[in-house]
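Reviewing the structure listed below.
Labels run A, B and C following the written order; every chain starts at residue 1.
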Amino acid sequence: MAYFSQQLINAITLGAVYGLIAIGYTMVYGIIGMINFAHGEIFMIGAFISLIGFIICGLLGIGSAPVAILLVLLVAMAFTAVYGWAIERVAYRPLRGSFRLAPLISAIGMSVTLQNYVQLTQGARPKPGGQIVSGGYNLFSADGFDVRVTWLQIIIVVVTIVLMASFTWVIARTQLGRQQRACEQDMKMAALLGVNVDRTISLTFVVGAALAAVAGMLFLMYYGVIDFFIGFLAGIKAFTAAVLGGIGSMPGAMLGGLLIGLIEVFWAGYFSSEYKDVAVFGILVLVLIFRPSGLLGKPEIEKV
Amino acid sequence: MTATSPLIDVERLTMRFGGLVAIDDVSFSAQPREITAIIGPNGAGKTTVFNCITGFYKPTVGRLTLRGDREYLLERMLGHEIGQQARVARTFQNIRLFPGMTVLENLLVAQHNKLMRASGMSVFGMLGLKRYQRAEAAAIEMARAWLERIGLVADADREAGELPYGAQRRLEIARAMCTEPRLLCLDEPAAGLNPRESAALNQLLVSIRDREGIGVLLIEHDMSVVMRISDHVVVLDYGRKIAEGPPADVRRDPAVIRAYLGTSEGSHDG
Amino acid sequence: MGPRLPMLLKDAALTAFVAAALGLFIVGFRTVDVGSTKGLAFDYQFVDLAVAVVAIFVGRLGLSFAADGQRWPALVLGTVLGVIGASPVRLPSSFLHWFVGLAGLLIIARTLWPSAEQAIDQAKRFPQGRRFGVAGVRWLAWILLAAAVILPVTPLGDQKTMDLGVLILTYVMLGWGLNIVVGLAGLLDLGYVAFYAVGAYSYALLSTQWGLGFWAVLPLAGAFAATFGLVLGFPVLRLRGDYLAIVTLGFGEIIRLVLINWVDLTNGPAGIGSIPGPTLFGAVFAEKAPPGGVTFAQMMGVPFSGTQRLVFLYYIILGLALITNLFALRLRRLPVGRAWEALREDETACRALGINPTNTKLTAFAIGAMFAGFAGSFFAAKQRFVSPESFVFIESAIILSIVVLGGMGSQIGVVLAAVLLIGLPEWFRDLGTYRMLAFGLAMVLIMVFRPRGLIAHREPSVRLHARAGGGGG
């Protein structure tokens, strides 16, 4: 029971991170129907900018953890968002209307480029991030096992919930959200009605990248070490989360992230940690085969 | 006229998408050696009927029986089996050729199943056996015959996507005919054609009916085409059948006139 | 230049600003380890960043001029960048020399391209020009083939060249195999390397455990890989294109993870070593014959030399690659090949014509997998060692980029792309670290500027009329 509770807490934390990345996949897929294969790399770059930001905070002598986290969060979101914007502008926008696999191939190329770009500029070795927040709270003890929730885990879950809530509000209530949904439904019609489609798509990438940057920072704080390759696995898992929840659906992405976190942590906790990634990939394959519209997605009706 | 049994019986066909009823309890039949037109205002469910017959949608309720060498229950068959076994061929409202392949290749792809058998699932073909070479020559001959009928022999080696619009329409019909169908379903074949092309199309359809002797189902907006060439007309409105009969009768039917022109109050009573 | 100049300047400034924002953290602050306890420190790279940003500003301006039709300013800027890049002026790193120099070349190429394009277009419009283009590709193919066949006996055929030749031919074969799946059938397979792994491990295990020889295992390895293709393909080939890509990627990773973790069978990350090489009529390529065996040198009565083995391997992979090519060319002219291309063009129309999409895709998938299996068992025999590290996703991406760069569906394009992507980086060793970066950029740039690849021409699989005027043959 105690072991189970501890695993549950860990799983929710991990699931929150996956969920944040998954939103980026789901939004981009919803609006232009492509899998932004480079999104995992955006997350990785967010983590690196956070790492550098924390070191700069240290050099500037900012001692207070909350101030440092807030500062780094804002800087990482802003600068990672530029990556999201630039990638769309360079690698995807010229391909609208090209043959159907072109954007995906371009995205794979972008992903390879970004990975090697970071490897070249920052080196291939894993980077220790140091401990920014330590300590925690013992919930209860049972069977000689302390069930502990760390402050960090609380921060991760709270940050995620706050971002999710504000994000849902943006989509539901603001002009941007309405334009985005309009583009999702029918891009040509939206353009005719005066929606700036290019700008809306750009903003989608910017928002997705900013959320991925948050995920990158949380990942860095949680695991304490990052390298140029973390985007690949995390990206695929987050994509799996998006598909599991129903690609195109925001709540689906969050739910999917949570489920993937649960599957991964519990598989590692109860079966074998070697095959936890196989379990996640297995889920991806099964979902796509048996329920390609995901848990919360709408089934597609083929128009002929 | 109905001495023979109908080629296809559509019985109590209903198709729902979630809460939307696209087709509501529609029944009709089509005879071999006849052109049966399905007409109706936009959104009446004509294309949905086609999609059910050709297996792109699975009907919510209803029976679709096609009579050939045996009876085929189309609603139970997979999409490609309907073309392969029941031999129902179709064209699409927004032309779907293989644009990057040549005109001739388009017509050979239509003869795929026959040629696959002749090539012994590619084994004989790989070995270059005479048996396959003869089959391929016959297939090319058939394609040439159709190209002559639609006037595209000279364009045989051009990419299909390069052809002008009217030629693409005709090519799509020829491609469907190369599957040697029992029933040919044409979804608005005259859309976007100029009067001259439209007249040539009418001739082609009549010649298909008379020479090949197959049944033709036709969705059409252009009433002049419908009146001139169809033998039987089914009128749909809001997913229901509101009239059926020879063209001359249908055009005088008050329900049809109401559906097309609207009632004086501007509301439908269907 | 006139009134547009301020606009172009503003655009270039904006580009440079974005570049600066992109590079500020990732390029400007290089994190370095300083002892185990102190964590990380910075190695500041702001000068590099500044040079790059200035180059981007000038480069963007030059490209805008070129796009605007203002040739002379564009050529001047391009030449300036090119000269700075090539000159001994000390820029902070050799990468920046390349960066600046290539930017200059790009501008010059972009400026001159419109007239080149016009000339090509003009040539295409005349039947002679068109025929010359088609015949040219054919001649190129024969010349390349002849060169490949005689290469080992020419003075050029030293150890280094032969090594490179074997490497390139392996990728050519893989490219031709994947071309069936991606180029003809239009199925984006991101896990192609999984079948390569199946082939490699088939030979590694069957030879080390059961003592089977290369020639006996070769067909088996192909059959295993094809079976894998069928089993994996059956459930997933109904999926839409981009989903299929992700699922195949997932399968590729699953196979790699299984190879790592199933230690009893595969020996895990340590891999399998001392795999025997291929034999020629029972003769081995080694200095000393195994008990009861004979070496190639003894059989032929010539002195032993290390390159004999290499030349033998070279001809094996050349043969295997040519078989792949002939097979693919032949299949393309059969109904199944035409159905693949038709599926790539429009799956819905195929279904309406009574073509079973799943079965048709499955054959392409399985045949592509089979060739990867052959290539895999050759790889194991060549390396005499296999480990999961050789079968990572990036290998799939490399093979895919060869197919895409070559021009999907074009056989000769695959050869050119393999030489370009595998050969060039190996020749210029100092480019080595930047190789993958160049790969990634190449994939993006090809999609943006030349989505149909180097060789975009598609030869019909069958003709009704003989080609006008004969000539091309």
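To be clear about the criterion, a residue touches a chain if its C-beta (ideal position, glycine included) is under 8 Å from a C-beta of that chain, and two chains touch if they have at least 3 such contacts.
Everything numeric here is computed off the predicted structure, so don't read it as measured data.
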item: Contact-graph distance - origin chain A, target chain C; value: 1
item: Chain whose Cα centroid lies at the greatest distance from that of chain B; value: A
item: Top-ranked pair of chains - ranking by C-beta pairs in contact; value: A-C
item: CA centroid of chain A to CA centroid of chain C, Å; value: 30
item: Chain B and chain C: spacing of chain centres that average the CA atoms, whole Å; value: 44
item: Where chain A and chain B are represented by their mean Cα positions, the distance between them in whole Å; value: 48
item: Overlap residues in chain A, where contacts from two or more other chains coincide; value: 302, 304
item: Where chain C touches two or more other chains at once, by residue number; value: 348
item: Residues within chain B bordering two or more other chains; value: 56, 92, 96
item: Contact footprint of chain C on chain A as seen in their complex; value: 34-35, 45, 48-49, 51-53, 55-56, 59, 79, 82-83, 85-86, 90-91, 94-95, 98-106, 108-118, 120-123, 125, 127-128, 130, 232, 236, 239-240, 243, 274-275, 277-278, 281-282, 284-285, 288-289, 292, 302, 304
item: Residues on chain C engaged by chain A in the complex (per definition of touch); value: 18, 21-22, 24-27, 29-33, 39-42, 45, 95, 186, 188, 190, 235-236, 238-243, 245-247, 249-251, 253-254, 257-258, 260-261, 348, 393-394, 397, 400-401, 404, 433-434, 436-437, 439-444, 447-448, 451
item: In the complex with chain C, residue positions of chain B that touch it; value: 54-56, 79-85, 87, 89-90, 92, 96-102, 104-105, 108-113, 115-116, 119, 121-122, 125-126, 136, 140, 143-144, 147, 153, 156-157, 175-176, 179
item: Residues of chain C defined as touching chain B within the complex; value: 327, 330-331, 334-336, 338-339, 341-342, 345-346, 348-357, 363, 458, 460-465
